[in-house]
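Order of writing sets the labels: A, B and C. Residues in every chain begin at 1.
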């Protein structure tokens, strides 16, 4: 269990740093960045549980991010549930949705899997747009998140929201790290590497695949919850295709073979987007060019590039 | 849900004709886009996520050429030719660099191209919706069939698309290149073993697919509003059609697209709110029961 | 364990790839399956291991019918196999490959409560690696191994399941003479040490007649002959159909 204690140490240190940062220097811009990063990084890392960890390329993972945001915002607006109960109930509902979607999708081969997940996400998106009375349609879910102070934490205050997001970011990443480092995580890597061999080692493929699809959906929904808190509502863009595309880019930019790759990719992507948005209104154009340069030039993620483990120098490309 | 209205429509030949003709143009335009998508998938085993971009650019190019020359025929030809060239360039300069690599890289490159060209269209033509307007040649009295109104452009579009579908079918079935493409879609190893230049073949397939999508965009321009994001919804729809029809099957794409168009045409009367959901449900059902599609062979 | 097939038949679109084959592999025996290309040897293995469903006939392990069971169920019944093209997990190290297989064999593939590897898996993995002479390569990423070592890893993965019956599909395929000798040496060693019922497909007649206790000859899906190497060598039908003019060396 050495790995467990080492990861716990890293998580604790990260938490202390994040929570202590505002005491050392007060920077609303930094806090704002971390809050946005927490949502995107949880989402991107959960996507990489599928993409890098299991070889299941989902193009419609934004469904769970959008679902998390809408379900949480609606629960907060329309019920009197406490913050914690609303979070837990949202995650539970997301798990149910992921179970249904996964049951349809997991037996499909690569390209089919990618596009059917995308199509189901677009179905969800079209429901958001057309069910105006519930979701506010293309205007997004307005009206804010009602404040519910629990244990002295008021999420409508930026400082408290920052702490809340920092804690959930670290806890979520730690939990996902544990999944990838467990025997179950190794089973997923076996399936990614060679499905036929895994089946002949006696692994019933559909069970681990469905399980990771549901887990990834739950963590994506957690990211969606944080996004909903940040924007005080929910927007259909959360469940739209460019967002899923961005997350895939974040994952690949950071490196699919490194656990913290998606976190690094998310941070770089957010920073780049902030710069592009300031420079030009055509940030799609700039971002597209950057992606092309990355895909044709660098070809692998930043952390995968930096990480040269002994004996692992050149791993066969998949 | 208004099934009463649907029944009433079926009882009236006029309503059937009107709805069927508008449904048919939806379906046939989709077929032209889906045919390229399904061919590219069949031969190269790549889903061209940027296929909607070809369609969008085709529409905008036709819009500008019509304004400059006032000839719709020229506009359509220009759009198709430009997108055929664009398709070849896209394959040669971008997609060809990641063959055999990670599927993610292919998707990422397509994603980048979609982002770039959506913004380029914004830059050149503006972010607002554009309407091409009906070309002069078609500004004439509507045709009446059994009391139903069919705009002349609709009739022209239906005839032209069906001719193109027939031409495509004949071309694939009876020309040497067409036979090679069909064979490649069914058995790529065999074609490589026969010593056929796959580089040229792949570029040709992308050119054909791009040209068809550009053509579809130009044909859609008079009856659709033009906007920078217009490529994506058609991509999703044509993907659904290729999945239901069977990836790699042209006949499957044609029949499914027509069925899809008719479902939309009559769906707007019977269940306007649920047509999208119904179509997604149909796709999921097909995937569960026949993962290779209704007309597809076991190629996945 | 005893492996038996009775009247096994498999057709692909009307063509019988395996046609009414009845064979018995006694517990602890070392048998070879030979035959020209396209004789149906790999299909025969795919049927026994559950990768393909037969159209007719039965497969029995110690008298218990396993026909039609899932691959996973057949694995649990004690039947392991290695493949003609080595099948392993290319991005994992040799040790990780084996530890993962050991964890899977112990039913820990879904374990979320601990870190990988589960206790004991590493020791067991190193034992298996030693058995096949892979000790020096345990920390290497499997994709970077030599062809011969990859074939050995494939067999090692099968052994991690502690099978009683082991099917090896052309263990020496694509190897040079030296690698070949090493592989055959290992196979014999493992067979004797683990008291396995071992069946292998092989093209090299010299190897077959040197190590096999029993030989079965398949030709166009039919069982041409079965018996001791000496009987097979003398069988006129085998000489005519398979060994051809090039009579086996005495």
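Observations on the model:
Following the convention adopted for this analysis, a contact is a pair of C-beta atoms (placed from the backbone, for glycine too) under 8 Å apart; a residue touches a chain by one contact, two chains touch by 3 or more.
Values in this document were obtained by computation on a predicted structure and should not be read as measured data.
Viewed as a contact network, the protein chains form an open path, each link joining two chains that touch.
Each chain gets a centre from its C-alpha atoms; the one nearest the centre of all protein C-alpha atoms is A. In whole angstrom, the spacing between the mean C-alpha positions of chain B and chain C is 50.
The distance from the centre of chain A to the centre of chain C, each centre being the mean of the chain's C-alpha atoms, comes to 43 Å.
Taking the mean of the C-alpha atoms as each chain's centre, chain A and chain B sit 33 Å apart. Counting partner chains per residue, chain A has residues 318 touching two or more of them. Counting partners per residue, chain B has no residue that reaches two or more other chains.
Shared interface positions of chain C, i.e. residues touching 2 or more other chains, are not present. Remark: chain B residues 41, 45, 47, 94, 97-98, 101-105, 107-109, 111-116, 118-120, 122-123, 232, 236, 239-240, 243, 273, 276-277, 280, 283-284, 287-288, 291, 300 touch chain A in the complex.
Chain A meets chain B in the complex at residues 51, 57, 59, 104, 107-112, 114-116, 118-120, 122-123, 126-127, 130, 241-242, 245, 248-249, 252, 256, 282-285, 287-289, 291-292, 294-296, 299, 317-318.
Residues 49, 51, 70-72, 75-76, 81, 87-93, 96, 99-101, 103-105, 108-118, 139-141, 143-144, 157, 160-161 of chain C are the ones touching chain A in the complex.
Within the complex formed with chain C, the chain A residues making contact are 1-4, 178-179, 181-187, 189-190, 192-194, 196-204, 207-208, 211, 311-312, 314-316, 318.
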